[in-house]
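This report refers to the structure that appears directly beneath it.
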Amino acid sequence: MLIVMHSVASDDEVEAVAQKVRDLGFQPHKMPGAQRIAVAITGNPGPVDPNHFSHLPGVAEAVSISKPWKLVSRETHPHDTVITIATPKLEATLGGGVFGIIAGPCAVETREQTLAAARAVRASGARFLRGGAFKPRTSPYSFQGTKLEGLKILAEARAETGMPVVTEVIDPSHVELVAEYADVLQIGTRNAQNFALLEAVSQIRKPVMLKRGMSSTIQEFLMAAEYIVKGGNYQVILCERGIRTFEPMTRNTLDLGSIPLIKRLTHLPIVVDPSHGTGDAGLVAPMARAALAAGADGVMVDVHPDPQTALCDGPQSLRPTEFAALMDSLRAIGQAVGASLP
Amino acid sequence: MLIVMHSVASDDEVEAVAQKVRDLGFQPHKMPGAQRIAVAITGNPGPVDPNHFSHLPGVAEAVSISKPWKLVSRETHPHDTVITIATPKLEATLGGGVFGIIAGPCAVETREQTLAAARAVRASGARFLRGGAFKPRTSPYSFQGTKLEGLKILAEARAETGMPVVTEVIDPSHVELVAEYADVLQIGTRNAQNFALLEAVSQIRKPVMLKRGMSSTIQEFLMAAEYIVKGGNYQVILCERGIRTFEPMTRNTLDLGSIPLIKRLTHLPIVVDPSHGTGDAGLVAPMARAALAAGADGVMVDVHPDPQTALCDGPQSLRPTEFAALMDSLRAIGQAVGASLP
Amino acid sequence: MLIVMHSVASDDEVEAVAQKVRDLGFQPHKMPGAQRIAVAITGNPGPVDPNHFSHLPGVAEAVSISKPWKLVSRETHPHDTVITIATPKLEATLGGGVFGIIAGPCAVETREQTLAAARAVRASGARFLRGGAFKPRTSPYSFQGTKLEGLKILAEARAETGMPVVTEVIDPSHVELVAEYADVLQIGTRNAQNFALLEAVSQIRKPVMLKRGMSSTIQEFLMAAEYIVKGGNYQVILCERGIRTFEPMTRNTLDLGSIPLIKRLTHLPIVVDPSHGTGDAGLVAPMARAALAAGADGVMVDVHPDPQTALCDGPQSLRPTEFAALMDSLRAIGQAVGASLP
Amino acid sequence: MLIVMHSVASDDEVEAVAQKVRDLGFQPHKMPGAQRIAVAITGNPGPVDPNHFSHLPGVAEAVSISKPWKLVSRETHPHDTVITIATPKLEATLGGGVFGIIAGPCAVETREQTLAAARAVRASGARFLRGGAFKPRTSPYSFQGTKLEGLKILAEARAETGMPVVTEVIDPSHVELVAEYADVLQIGTRNAQNFALLEAVSQIRKPVMLKRGMSSTIQEFLMAAEYIVKGGNYQVILCERGIRTFEPMTRNTLDLGSIPLIKRLTHLPIVVDPSHGTGDAGLVAPMARAALAAGADGVMVDVHPDPQTALCDGPQSLRPTEFAALMDSLRAIGQAVGASLP
């Protein structure tokens, strides 16, 4: 922490800042500059809250130095976290050099639609099945999901194909129920800072896929993961799914530059969702390929047996044949970049 | 709804779109243009989901025409919604020409701090008391609020000053408890699209203050309000509290242009939170004055008896004397613009 | 400048940073923290370029402390800069407590249209005439302005009404020509970091109105003004005209919170353009009133005798009667906030 | 164009809109809906300016249907534009399946530094040399480039290595001079809507590399290219270099989703600048690989023989050895995706 004083700050004001540092149990260091003085703090075991200082008379700015995350930090834990889930028919891995493929319908609509999608993506090499039973929708008049019925359909799809199930939970009171059916609990972008929900999933012992908030900074994204890990659940998969920008032609702006940056900062695996990240089926395959080339640990792709009839996000869903072609191109790139693909 | 075809779309593709319109029970109108053809839809009672069309072969774009909100629309209900809450000592009003003043500490820290703030803001003319008992914080290591204890302190402050209490709820399972103590339930910016929470507060019969999500468009903001009203709770106060932009010098960018726009689109009252909207105590009074001049129905202001010691958001809190001065200037502007102030 | 080292930086790496500081002629101060070490710099007369350090081995971050602007800083020059322009018929002032009114058509289309607008705004109290002769347009197929002919029309309008003329210059080679006809040269938002143009207008001795870039931070905005002042032209009027955000319902997001912040940081006057800032005639008057209440030094408003026929930006232009009503309401608010209005 | 009326619009208002359509020479089609009426336009040869209608009484919205670009559109010209430049020692190609590599120092500082960078990148396979002689800088106190001296150094580097030179032009009056030395003229992000400069480079017959404005939408980006092509210069290379968002950890947010979208919309080649797009040397190689996998036609990479001493943008520059390693990985991915690399 460095507290920068105004150029007209008085000696008394500087001393008051120094005293406040001492009161907190740390050491102040007055550093005279050419234009202004600053007070540095040492002796603090971790980040100091800038609010202690920023309102004191004469203070221009309180600059934090330490990063505020701890448990998810790669400095704390240098080795990659790897997620492995075994079902009776399949062992699915993501992270640590294994590029995980999560695919399936955006929403579970019917038993037939879900099983058709699951069989198709499994046949092409997917290892995890995605599918939304509880759907957060901007409009209260839009389809809200098949809920418990959808969870049962997903469980049936897992029983048949062996793929562990990734599905969203939107209410802290549903966590136990969803965890009964799902293998990975997804936190959606609109709940990225729903701390009650983050704390609820921190108490279970199943992996959590945490989507980046559409307006979350990378720091906020990691702090949200810190909530889950602090609660005792170390199995967190991060998911970059695009941020909100001024560009209207795509649904979101996929921030692939975050991938190598996040890999540097944290040991948690990160996957990319090119379907929601672009909202445009024609951009999904190029962005999935780019995610792999950028060093992501996996992708999550919407696949629907008949996108034209989809109740939710049809325009961004791949057909099974398109998904199969994507898998072929991902395998070729995986060889080029040294990533292992199923 | 207008479905615009690609310039190379075939006659069969255009007819398939027209048939899909008929299948949905509406009338298609093929409209040949110079470069391309479009298919317009009539006979629909409300918005048509563009997803029905955007994935059909040959379709370039499906353009929605109708607005998706209904119950909160000023077209549906032309008269201003006015919120009035009577406590044994005070009748507090907001909307319909009465500029509501909501003030108090960002967080309820102690009984003394909260009562001191409440007395001070009441003495200067505030009609509603704000104060957070459950605090959503970016870091799990930050102060998380005094919770139930805080609710009790707020109730005591109401008993003494007469001001109805505005406080945040962050978990659907807490709604009943918070509603027991609070007069207005606040939904925070990070929960602006937490639909489980919106549905929970739609079931109570106390006013809800809904903050705009930091990345919510005005349309999404109104759709979130629609969730609450659709559930049967008509007493919704909107709150503009700044959006996230590229500008780093302020905590958020207060979007005051949204005020007259939202007044045009909806009958619900809208207040402005200049404290969270700027994060800078020196900007709070100018922005509160600007909010009144722009036509807002009220402001919500952080006031702390001693901002330097605040556990949360001290740098944006006014001192009681600063708040009193702000009230004087608001009264002067209120006279100029024809708004009634306490 | 504070150079923060990685937690695993070696002693040699820290010493290399210290030596680099000495090589630049300043004093390094090694400051051991609990998790990591930092090196502070003193003895520097102004900002130090972080690029000197950010690529050295072991460096995590180089944090600038000093602000990079000098001549436009209020610390350098505490008193408000006031712009006064006298024509044979009128003395027009802006800044220092005088709220300046700049009004006129977005584009100079015809002699009749411009004179009609000029007479109308003058009759209602405007002191400066705006009007674009050279129009920067997103599309090469849009109306590009009446150019030299337009400048002559503006000069005629000045001769008749007495109002000094504010008009845009878009090419460094036109500066001399435009300055021959105009009293204030405007730099548009798309040229906010066109440094060749900024340097060209720094060489003339007429006031410059510098619009904020639609994606300029406040720091970049002030640095652009610094270019002009550094060249010797001290008469700069800043203009907040909205920034680009994710919100699609308004053309830009007017950042009124920047007004009190900029008044704190610089001595230059700042005006608000609610016409381009919102793109919606219905929002212009509320935002002009809000600008005055927020402490701006003036407003610039599009007024067109017949907005329906405007060749450019008709939807945001006020009719003369609407402008007259706005002036009345501004005078009332001016009295309330202690600003002087014509 | 579809003109949507308010739900309360009168018959006379609808007829006035229809008459306006006829006055413009087109055909109006009144389309009654359940809630409101709309007027569609046919017979227009291209886009109709919405400003003709949006201010008429009773009009809620004027929705454009046609895209406003023509000459750069892939609908107009379906085949990829390929850029080929031959120097006495080398034929350099970009586009049409050939992945172009542009590399060199951000700024031309000295003859030695530039030649060292040029030799190194040529040895690793680069086909185009980048280097800035005229540098647009946020601060007037920063290094502004070596200007004419720098152009001469670049010409010398071309003579020795054979690589055609890409360098920036920042003033319309410099275009002739820069074109004398350079093979490709670069328009920087801050000049992306500097229409005077765009028109100036439209008049030369050398390729132009147009960088996307940091706040340009894809539509605005293509319209800027349209300015150049409309002037008669068909050799335009687009460059995605990141957009400005709320994320502070990277200098910009590289929008790789724009690559396949732009390839769909236009025949012009598009390259990616991962150096300015991230501002972080550690992210350059992953983002260059992602750009190739996403379907870009090339990359432009900052390479400096000694990044620690760079006068400009050192933290984002690769060392020659890092660049050589990047080239190896790009060749491997190129084989996987079917792109030809040198």
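By written order: A, B, C and D. Residues from 1 in each chain.
Just so we're on the same page, a residue touches a chain if its C-beta (ideal position, glycine included) is under 8 Å from a C-beta of that chain, and two chains touch if they have at least 3 such contacts.
Keep in mind that what you see is a predicted model, and the values were worked out from it rather than measured.
Within the contact network of the assembly, the step distance from chain B to chain D comes to 1.
Chain pairs C-D and A-D differ in how many C-beta pairs they share in contact, with the greater number at A-D.
Centre to centre, using the average C-alpha position, chain A and chain D are separated by 31 Å.
The geometric centre of chain C is 26 Å away from that of chain D, both derived from CA atoms.
Shared interface positions of chain B, i.e. residues touching 2 or more other chains, are given as 46, 215, 244-246, 248.
The residues of chain A lying in touch with chain D in their complex are 215, 217-219, 242-243, 245-250, 253-261, 264, 277-278, 280, 282-283, 286-287, 289-295, 329, 332-333, 335-337. Residues 46-47, 49, 51, 54-56, 68, 136-142, 170-174, 190-191, 193-197, 213-215, 220, 223, 226-227, 230, 244, 281, 307-308, 310-315, 317 of chain B are the ones that touch chain A when the two sit in their complex.
Those residues of chain A whose C-beta lies close enough to touch chain C in the complex are 2, 4, 7-8, 29, 31-36, 38, 40, 42-46, 61, 63, 65-66, 75, 244-246, 248.
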